[in-house]
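First chain A sits with chain B, and in the next complex the same chain sits with chain C.
Here is the complex of A and B:
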């Protein structure tokens, strides 16, 4: 026979009423699911924003008028776009006061012929002037693509050393990039030389407004200490009419996304707080009812020699077990939903999304479990304080 | 009635859910106009077929009162989930690009429903075995009682 320890008595009490115990654990599980799932979501979007700001590199992005949203869609979600301005703009922008460096980029939209009918974005850059793509590509140990070579994002089909067909022309995959959580994951990178060669020979690349020296966007690096707004205004003043331009200030784009994340986090916190309060309310009500229902049982324990501390320990242990079971259940459910569906969630959110690492996930899970564990004992505190206050004999005889 | 609901309803509901995942809830990739359907399209069709089969198995489990037949149906459904699970990965496959709708939504959705269906079938088998054991014990006890009554 097992000894009558506090833990053993508490667990047996919970086992005796399985449906009621499961219901209580479920109340905690809903809170824990919301809190952990929401925290994972927010942390992943924050990771994505960090990745975006690390990789964006440029301070100002110059695009044809009306294509600023398309550029953002291409960078954030890899939505294929093709738009063009005259190629000499990059050189002229270098003469604008405050501009330190410029890098032209050429965007092409194609179909991923290796697998299925899905459009993919091709970004061509000039390795000689580029300061946006090459630095992080080098840090990811991916070489600059050579002649007839491409570097592919993590979600493009094909292994390094394999082949990829673009507009009917075959390219060698020089390297695959790590996950970035942004549009670069579904992007193919190549040099400007390769892209121009491709466009000259492409049979099915029907591109409007394209001139041989056209580019899609010019990335502008501003001299340190210069006001971005002033430089952007200077660019618009000098070139807006001649080139029909729009300007995207990278900092503003990132702060806009960060604002959306702020809204998401706020909603998650509000929901988690509401569910925590609901779980605490339900448990508190339950424990006060439980004290009333089991007053004769507690009276008997007192007569048998149990101290008030022992009785409080039993109730606290029950509350802790309910919190632990509910917390673990909620965390497992959130993991079961977010891990397999993280790409679907990322695409539905239309925000940069980079899943958090497993250690970070473990820390979030532990924090969530700690809060779930706390809800039970906190909710039962009032009932625990009242345990065994009356006369044990009278309590035992009450109701007779 | 309660027993029939317990063993039949979950499998019937999960079957309906399995059929709805590739067609409505998390649809497979759209076939562009004039293009040949992609692999995920055929996998989706297979899943609709499997879903309807599970739905019918659930209905049979509900209406059939013999525990032996129920055990057989549950075991067959469990084997069917294993077969259905090989369709998106081996027998037909899905689109290779990880960013496509079938890969991001349909595949995990279908696998999750199949896992739940397998769990429901396994739970049925355990429950029906438990019922059979209890019935056998019940028979033995009544047999012993009648034997003792005859002796006395």
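Here is the complex of A and C:
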């Protein structure tokens, strides 16, 4: 026989009514599922935004008019895009007061690729002038692709040293990038030289408006201390008409994304609070009913010598057990059922996504479990205060 | 030597006088039966003697300790340490085995001792049924578990409220045999009962009417008159 303790008594009572106990745990599980799943999504999106703002590099992004959203989609979600402006813009922009550096990029959108079941984005860049792609490449074994070589994002299938077929041409995979949380994860990187060779033989590339020296966007780094708005206005004044271009200020783009995250977090918090209140309500009602249903049992315990504290301990143990079971169930369900879809959710909300680390996940899980554990004792507080009041023997004999 | 002394004890619920000026002593090792019709004050007396309620007036001394001055926590301690209760409805915890139902009395008293609890169950003939839940036991067996639970902490006083009220004749006989055995070994027993048959086993019988002791007799005389 297991030693008889308050915990043993509480657990035995929960086991006696498995369906009821499971129902109560489920109420807590719905809350913890929402809270943990939502918190993980929010934290991963925040991680993605932080990563984006830390490593985007460019202060101003110059694109053809009307393609600012396309650029954002390509950067954040790796959504294949192809748009072009004249390639000499990058050099000319260096002469604008306040501009420190420029880096042209060329975007190619595949319609098919041997690597993937969906179209992917190819970004060609100039390693000599680049300051945007390079920081992401730093962790790769071969940070600059050579002739007929590509560097692939973390979600592109293929190992370093393997081959990748693009537009009917075979490339060697020089390296793979770490996770970025941006569209870079589903992007293939190569040099301008490779891209131009590729385009000459391309069968499936979207090459409307393409001229041999075209680029898709120019990333602009502004001199420290210069006002971004003034530099952006200067670029527009000088080149808007001639090149028909649009300007994206990176800071504004990130703050727009952060606002979206704010909306998502708010929704998650509201839902979690609603489910928490619902769980607390259900449990509170349950414990009140339980107190009535078990008044004789508690009366008997009083007669046998249990103090009110001991009786309160039984109810608190049951409440904690329900909270723990529900909390763990919700966390496991959130891990198993929602985690695999978080990236898709974030992408559909046009948000960058970078999964949080395991320790951060564990901390979130522990916090969620703590709140789940608290819901039971809080809900049983009224019952605990009322427990053991009144005449124990009359209670025991009530209804005889 | 007396284990229980009631002096001028009264109990009033609002305007209802449940007990009026009761004087009673119970000697160590005595078997006392309290009888009377419904509403005569039997349960009220059981509550007061069993430390489950306090008298409105008068003095109650149990094993040398004055109960009327004790706070609720003190009454709980006396009840736990000195009294073994046997109920008509058994009142076993449905989700604990027979053995655990006995051990729980130890748990709230001092230290659980499984061997001792098993021995108590054996003493009422339930050694083989120790691992069964109350729902798997007959009424007589449940009452015997209740008796084992009452005995487990070696109480000074065994207080039984209609202990055979829910039992058939065979089980009634079995329970009375156990009470006789306890009495024979020196236990003090107070039985509250409607049944003259049960009352007739006692050394002494008091009959309550309208909250007062209407008469006192012996079990033997009660048996003859029955």
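One rule holds for everything that comes next: the second predicted complex is superposed on the first by the 368 of 400 C-alpha atoms of A that agree within 3 Å, B and C clash if a C-alpha of one lies under 4 Å from a C-alpha of the other, contacts with A are read in each partner's own complex, and residues count from 1 in each chain.
What we mean here is this: contacts are C-beta pairs under 8 Å (C-beta built on N, C-alpha and C of every residue); 3 or more make two chains touch, one makes a residue touch a chain.
All of these numbers come straight from a predicted model, not from anything done at the bench.
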Which partner, chain B or chain C, touches more chain A residues = C
Could you say whether A:296 touches chain B, chain C, both of them, or neither, answering first, second, both or neither?
-> second
After lining up the shared chain so the two structures overlap, which partner does A:306 touch, if you call chain B first and chain C second: first, second, both or neither?
-> second
Partner chain(s) touched by A:12 [first = chain B, second = chain C, both, neither] | second
Where does A:212 make contact in the superposed view: on chain B (first), on chain C (second), on both, or on neither?
-> neither
A:341 contacts which: chain B (first), chain C (second), both, neither?
-> first
Those residues of chain A which chain B touches in one complex and chain C touches in the other = none
Contacting residues of chain B [partner chain A, same complex] | 26, 29, 31-32, 35, 38-39, 95-100, 103-105, 108-109, 111-112
Using the touch definition up top, name the residues of chain C that touch chain A in the complex.
-> 43, 46-47, 50, 52-53, 73, 76-77, 79-81, 85, 87-89, 91, 93-97, 99-100, 103-105, 107-109, 112, 114, 149
Please give the residue numbers of chain A that touch chain C in the complex, ascending.
-> 1, 3-5, 9, 12-13, 15-16, 296-297, 300-307, 310, 391-394, 396-397, 400
Complex contact set, residues of chain A against chain B = 78, 112, 114-118, 154-157, 185-186, 336, 340-341, 343-344, 347
